[in-house]
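Single-structure report; data block below.
Chains: A, B, C, D and E, in written order; residue numbering restarts at 1 for each.
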């Protein structure tokens, strides 16, 4: 579930953002502690070898390699490529959120435009929103690992009440090896046509409005599918990864403690713990982890979108809107500013 | 309330922007003075220790640590990550403003499309806009701390005249544990359907236009909810905070005065007050404060959006539009350019 | 008035852009000459003091301060923060242009959809576009200093023919202390309803199209109001100003000529005129002036939008469209490619 | 075909992105191995010449040139221009994807709005979607090299069933030397008019909705044509290429091993393999290859969009929607939450 | 004409982009050779003076000035400001392309919605599209130098068949000193009203759709006018030009060969040709030329949009669509996948 911390930073004051550093869930620590452990272990091992295991001559070679690595650790503009790359990933991430399907609009419209208090009326309204929810489930199954875990087969979709057995049969009869998420949307259109012919939808205008709302949902679902299908080009991701891990490697050697008595520049102090190097790794690796977390927002990260929550919420809301609340509103009363 | 200073800078002239440095409200000084006080205190304390408390040998160690910190204070590209991060936060902030609900359009439409000068006509028109305003209040309560303070319970919403007791009861009867801000919007649709059936809305076309306007408002409210729910990923905020505070720490030691007689490069002058370091802190910390202030625009900062003002303005304007101004316009007169 | 120079650079050729450096109006020179004069004066004064007034020992201190300032003048990434800040300001500036109200579309529609060659027909059409122009005037008065100068009171608006006395009275009767720019827009809607009821607007569809066009204008006017009301957060502007003026100050001392005989690095030549420093000031200050000029595009800069010109043009065009050109078009003739 | 790796990075965890470095298809290695081979060969050759072939004096000259090149390799801000350039290319690339034509919406609409179960009804519906698919094929032929290979002549289009012989004849009769992709779209409009006149399309409203959907497709196809026609200005691409290859050349000499005994700074170690230089080349060249791969997304790269797949999918889906699924939906059943 | 090179880079492979360096048309060489010639001449002249004309003492001064210039050539962040500036210009350039008027949509609509095979029907349809094309010509004349050359007076517009003599007269009778490009668009609306009244346009809905399409075109034309009228603020362009030419000047002196025997750092080699400096000039000047070429896309650069081509194409296509192809489509045939 996405981690909401807006409330904690509703005011800019002393310690506003620093306070956020104390959280664990979805935090940089949780994402990075393994990498940092590896880095510190390797760094310590190398340092130990240098201090205790090497001969004087080997030490001189070690020092040269360290200086060489140190010098090259600044050559790759990690921050630059990370800045541009994370911007792209962030934009994609937010656009994916923007395309999550919400049936609120279309449900409200069905609830006030597909008429009939009789059973068939209810049936048509409920079936229409069910078709829309079914399409959402079909798409979310294909893009989200957690939704797929919940509905590993189409039978699970049937069992959860999104589809009847007859519908599954008809769905499977549609002869296409491409994604068939659009099939229930077309059923929706056809059912709306029937409702129009029966006079339950009273005018052509409302009919078109329903089709238009359905098309908006179709667009969102198509976009989710596209974002899953068309990743950021692999080369870009690889370039960024190469940059950060090259930096990682060059720091491992290049930031080693060197015997101050050798008088190497910038190696006057032996701090045992390379505090600033660790903070720097935190910074660059953390920035890369931002990208790693956002690149697939339908996975299992702490901050990923919860497909299953959406599915349940949408089904509940849409049934409420078209059935329980059908054409009902509270009694009209004069408000307190009436005169 | 947001601080408007457009008028002060309507012309680019000598001292245009510098003049703005003299303001206190919503200023960098107000946001930063505590942080700066802490920085200056710690800096002075360390400087005092170095100058008066340490032995010569301890001074040499102190100097080494200072040089080490000085050298590393440039390693983290604070400005880079701040630039990208603040861009994201700024865009979110403006988009949130763009999604504030304004009922002007829909009120104007109701005022000229839902007919009837009788009491029931007035009642329907006033109730329709009240439903919309009620939805706004429900969302703003959930995202804005100041609006929540004004309406801590639903009863306060009723007392303020946004909801009748019967409506509250029906609202609470809607069986969903998700946000129910959409319920009054669906009442709006249903009431519009009734008005259409009674012939008060005279054609299907206008009916659809009303639903469309209501849907635009629903979209805005949904977006406000989304911005509150989906924060900028915590990791990104943490990465930026780590970068700035690491810089803060490294400056604390790294920019210390060192005994010029030791001949360290760039430490030839003893200025007592590290003026440029303080300005630099001002700059980086201030940039971070921009983000801190904008990340939740519904809080209590000087520059935050005023939810309560919006709520009051909207209620007044919408009642005026649908009731007092219903179908009235000044008498038609020939304008002065008639011939 | 905005300065148009597109024609001068219609072709990329030798001296294309440099040619633009020779202009004065809206130029960097006009905006900066005062700041540059101050800088050069202070710089020369300091230089004079150093060369002629100081003792040798004071000179050594002066030199140390110079070196210290020189070193710190690079610490603040002025170009970085300016780049991001000016991008934001530029986007706001262009969006404000995009929201200037143009009544062309709605006038054309009124001209072909509100029928009647009789006097009442003319009256309705002219009044409808006058309402729209009146709304524009009301908003532009509140955001633009030059428009406000032209219409310091509502009586000036009446005198200029945008409003009748009766309208002003009714306008003032609307009981709201918020901006009332929307009142004439609601009159427009009500008048359109009357025209529909009289059959002058012949179908519901066209009626809605008129309301929709009016709403587009309402949106533009609301946006202009918003841009005036919600400035770029003051902190951001202050941060940028601090950065540039800190740089200004550090250059004042840090770029001083130092006695070459003291052998300070980078101070081998005595050029009397610090040409590159001046160019650098030109560059950074000029970039900041870009922001200063664009932050309020309704002021009195050479490059600001001309509200008064827009108001006059819109009134003329809209009367032409709905009245002189009502339902007229040249006689139909076969074109020269007829067969 | 685009390479999808979303699933592999659904969770941010240890080795998330590094794992992606092991792929070959669409990878940086596949794109770069030739360039790297050339670089390493030339580098080794130069190194061999220096070590074994030159006299002492020639070695001194070689060293000077190396130092000169080394110094200048940092002068061109390659990362900066690459960052901005790749942003532009990436945006173009995604916008091109966004404009791929999908007939889903219009097919669903045809399937529920163009009536008649008789043969002529089927014929009209199938022909309408075929016209749309034909337009797509005509555009994709002109922008995509792989689609052009599949349909080298218009006869291939006829053979593949997108066009009848009579249609080809009429198409060729349209007397224009400009792209004629819009001809089938106009046939679509004309056929829709016929269907309206026959009463198969039952109302004006639906007729307009069909035209609107057709226009959306027309817009997408026009955009694809535009992106192909209007490249990123050649100068920009050349500037970036000059920057990267200049860097390439300066590294070739500037990063050469130099005899450590000469005591040149940063040349203390002889590593034989210039590991960091190679990683740096990987980084810059790889970033450029991102642009090279995305600049024409309809080519034959591993990551390019598959025009042929789209064409086949669209034809199948659209026939299914308008014919097999015409007005059919599964029998209505009560869902499991009925009460 | 814009230079299309998409096909050449359809595949990312060895030498993909470098191949583009060999082109002349619209290339960096064509744009820059004059500037480069000036630079090289001045550079050589200065070098000649230094080598052969100066006394030893003068040489020392020359060397000091060179070192001073060299040092300051890095002070102005040319790449930074160029990056941001070119982004703005590029976005403007593409938006201008997006607003080129294409009458395809509205022609198709006229062709299937304005009925009558009689002469008057043809006349109305042809006149309607001619009005639209006339508006385009009027705008393109005012923004494009090449179109203006083709139509230096309104009589040329008449001669080319876009306007009849009677229309020109009526056009000139419209009493406004502002741009009158909108006049034919209003004629279009009025003519459509006539066609609706005659029943040639059969329903209100289609009538509105025509007006809407006309309004889209009006918007595009208005935007083209705006882009021409509102340039990027002159100050911004001047700032960028100052930055690049300052760099140019500082390189001229700062990158001079200095006698290696004087032992100045980085001046150990005498290469006669300052290859890297020239490449660097190529890079920065080329980047600026990108902006110079894109800032006015309606000029006479190799890469500018061809207004005249558009005008001709649009006229041809629109006559074809409304006249030759009026309500015609090929005979309906069963497609090859019929069963």
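Note that in this section contacts are C-beta pairs under 8 Å (C-beta built on N, C-alpha and C of every residue); 3 or more make two chains touch, one makes a residue touch a chain.
Keep in mind that this is a model prediction, so the values were computed, not measured.
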| query | What chain groups remain joined by touching if chain A is not counted? | reply | one piece
| query | What's the rotation, in steps of 5°, that superposes chain A's Cα atoms on chain E? | reply | 145
| task | For copies chain A and chain B, work out whether under half or over half of the interface numbers are shared, and give different or same accordingly. | result | different
| Roughly how far is chain A from chain D, going centre to centre by Cα mean, in whole Å? | 24
| Among the residues of chain D, which ones contact at least 2 other chains? | 31, 80, 83, 87, 205, 289, 293
| said: Based on which chains touch which, is the overall arrangement a line, ring, star, complete graph, or other? | reply: ring
| remark: Chains encountered circling from chain B by way of chain C, in order, are B, C, E, D, A
| remark: Listed in rising order, chain D residues that touch chain A in their complex are 2-7, 9-14, 16-18, 20-21, 23, 26-28, 31, 79-80, 83, 86-87, 90, 97, 102, 104-105, 108-109, 111-113, 202-203, 205-206, 209, 266, 268-269, 271, 276, 279-280, 282-283, 286-287, 289-290, 293-294, 303, 313, 316-317, 320-321, 324-338
| remark: The answer for chain E against chain C in the complex is residues 31, 34-35, 61, 64-65, 67-69, 71-72, 75-77, 80-81, 83-84, 87-88, 120, 123-124, 126-127, 130, 143, 145, 161, 164, 166-167, 169-170, 174-176, 178, 182-183, 185-187, 189-194, 204-205, 207-208, 211-212, 214-215, 218-219, 222, 226, 228-231, 233-243, 245-246, 250, 288-289, 291-293, 295-296, 298-301, 315, 319
